[in-house]
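First up is the structure itself, then whatever we jot down about it.
Each chain carries a letter (A, B, C, D, E, F and G) given by its place in the written order, and its residues are counted from 1.
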Amino acid sequence: MSFKPLHDRVLVRRIESEDKTKGGLIIPDSAKEKPQEGEIISVGEGARKDSGELIPMSVKPGDRVLFGKWSGTEIKLEGEELLIMKESDILGILTGNKAAKAA
Amino acid sequence: MSFKPLHDRVLVRRIESEDKTKGGLIIPDSAKEKPQEGEIISVGEGARKDSGELIPMSVKPGDRVLFGKWSGTEIKLEGEELLIMKESDILGILTGNKAAKAA
Amino acid sequence: MSFKPLHDRVLVRRIESEDKTKGGLIIPDSAKEKPQEGEIISVGEGARKDSGELIPMSVKPGDRVLFGKWSGTEIKLEGEELLIMKESDILGILTGNKAAKAA
Amino acid sequence: MSFKPLHDRVLVRRIESEDKTKGGLIIPDSAKEKPQEGEIISVGEGARKDSGELIPMSVKPGDRVLFGKWSGTEIKLEGEELLIMKESDILGILTGNKAAKAA
Amino acid sequence: MSFKPLHDRVLVRRIESEDKTKGGLIIPDSAKEKPQEGEIISVGEGARKDSGELIPMSVKPGDRVLFGKWSGTEIKLEGEELLIMKESDILGILTGNKAAKAA
Amino acid sequence: MSFKPLHDRVLVRRIESEDKTKGGLIIPDSAKEKPQEGEIISVGEGARKDSGELIPMSVKPGDRVLFGKWSGTEIKLEGEELLIMKESDILGILTGNKAAKAA
Amino acid sequence: MSFKPLHDRVLVRRIESEDKTKGGLIIPDSAKEKPQEGEIISVGEGARKDSGELIPMSVKPGDRVLFGKWSGTEIKLEGEELLIMKESDILGILTGNKAAKAA
């Protein structure tokens, strides 16, 4: 089974970040209001302008992203908890080494 | 009797999803804030742009969809509980095996 | 006396639906948050676009419609309680046998 | 002294409706949330579109109208209590016998 | 010292209206939610459309106007309490005898 | 160090007005909800229209202005408390003698 | 690892300002509602107009900026606390000596 988000929505799988400081200390789970990392699983085809033209999505499947802790709606697909959110809830894209390691 | 939603509304029949985890464990009904699955029964002809042109609907009767738990208005048609919601309340479309099985 | 709704408003007479389940059980009146049925009595000439052009109404007198329980403003015309609401509060149109019987 | 409403506002004099049911029973004054009748006293020249063009008013002095109970701002002109409201607060126009009688 | 309101704002001096009913009875000051009379002292040059064109003001210095009791911001200019409000807070213009008397 | 406000923001230095009535009485500091005077220190280059064109600012450095008591964000630049606010929070410009004296 | 903000967002590193008055007194940390200083680390490519054209960002990496105390979302990148906010949350740009020293 797969899931196609409508319009400018994206399907995201949360990634537990390694909760360490620069110096290597582990950060407890109770630091609750931080944004979170995730990987884009699938994306909608984009919102449409008044002219009917599609606004292309700025993220694509595989992108490693950050989003606010309270963004999105949790859904369960085949027993896995995923998130659906609007592209506008995505704060930005992580690039480089660490992201590559995680992918 | 049938029901034609106005504008960009859709008529949806809720589908009780099989509440199992990947491993086969049954999930109790009390997990209340999850979005839900449904099948599109009928759709309006779409909203209209300022130019008068119709914006075509992105879902069609028979589509298996996910929507937020609190989306839509419950109505009763011939004794059956259905939901009317706007297309914008639909999070996305389920495709593939499981959806086929359910249809 | 008659009443002409302004712009995109409609005048609606509530219809008490037969509160029965498919199996014929009567549903008590206390199920209070359900949308309701009504018959369109008269309609405004429609809202206007910026260009001044009328946006034609999607419902017409005689249509059997559903609307949210809390939609509209109650008015009394010649002792009869009616509802004035915007067309956008109309969820959809009932068609076919039952509607015909009721008309 | 006269009063010229600005833009799309109208000046309205409330009309105490005959509070009787069809069967002739008098309805007590405590039925407080009903819309009310009024007569249009004067109207503004209308709102303006971005193009600068006037949007003509849909009501005119002498019209018998219904409006929501809580619509408008009460003002006192020469000791008489009147209401100023926007045209969009007018629900519709009463026509025919009863209105004629009242005018 | 003088004061030039910015954009579509106006500077207004409140006028204590003669609080009498038609029959000559004096109305106590505690009737607090009524709109109020004022005289326009100065006006801004008007808001601007997207095209950059000025939208001319609909009131001018000397106009006797009504406005909602809670409209505007009180300022003190050379010890005198005045009001600054947007033109859209002005309900309408008083014309004719009484206004003339007051001017 | 200097500070360049972004877009349609302005940097303002509060001016303690002489709190005297016309008759010369001093007004206590506790009259808290009045707008306040200030001098414009620097201005942004203005907001932009959809066309990309700049909307020129209506105030300039040196202008003596009034603004609402709760407008703006307080910042500290080199130990001095200043205010940053949007041009739309400026109620108007003071001109003439008193303003000159203060400048 | 680096981070690319989406659309008109910017990534900001807070700068602890030297909390001294002009006269050299140290200001305690409890002055909590003041805006804050930061340095722009990276910027998005800008929001898009309806035409699809990019609106260029008004800040660039290295800029020393002020923003409201409650602006932005805190994120942690490689153990360092940073802020993501919209360009519209940036109040203005600091220039000149002090900013240079800090860069």
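Basically, a contact is a pair of C-beta atoms (placed from the backbone, for glycine too) under 8 Å apart; a residue touches a chain by one contact, two chains touch by 3 or more.
Everything numeric here is computed off the predicted structure, so don't read it as measured data.
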Indicate the lowest number of steps between subunit C and subunit F, counting one step per move to a touching chain.
3
Averaging only over C-alpha atoms, locate the centres of subunit A and subunit B and give their separation in whole Å.
24
Centre distance in Å when subunit A and subunit E are each reduced to the mean of their C-alpha atoms
53
Residues touching two or more other chains, restricted to subunit A: which are they?
50
Listed in ring order from subunit D, and going the way that reaches subunit E first, which chains are there?
D, E, F, G, A, B, C
Contacting residues of subunit F [partner subunit E, same complex]:
17, 20-23, 33-35, 49-50, 53, 55, 58-59, 66, 68, 87-88, 90-99
For the subunit E and subunit F complex, residues of the former touching the latter:
1-7, 9, 11, 44, 48, 50, 52, 73-76, 78-80, 84
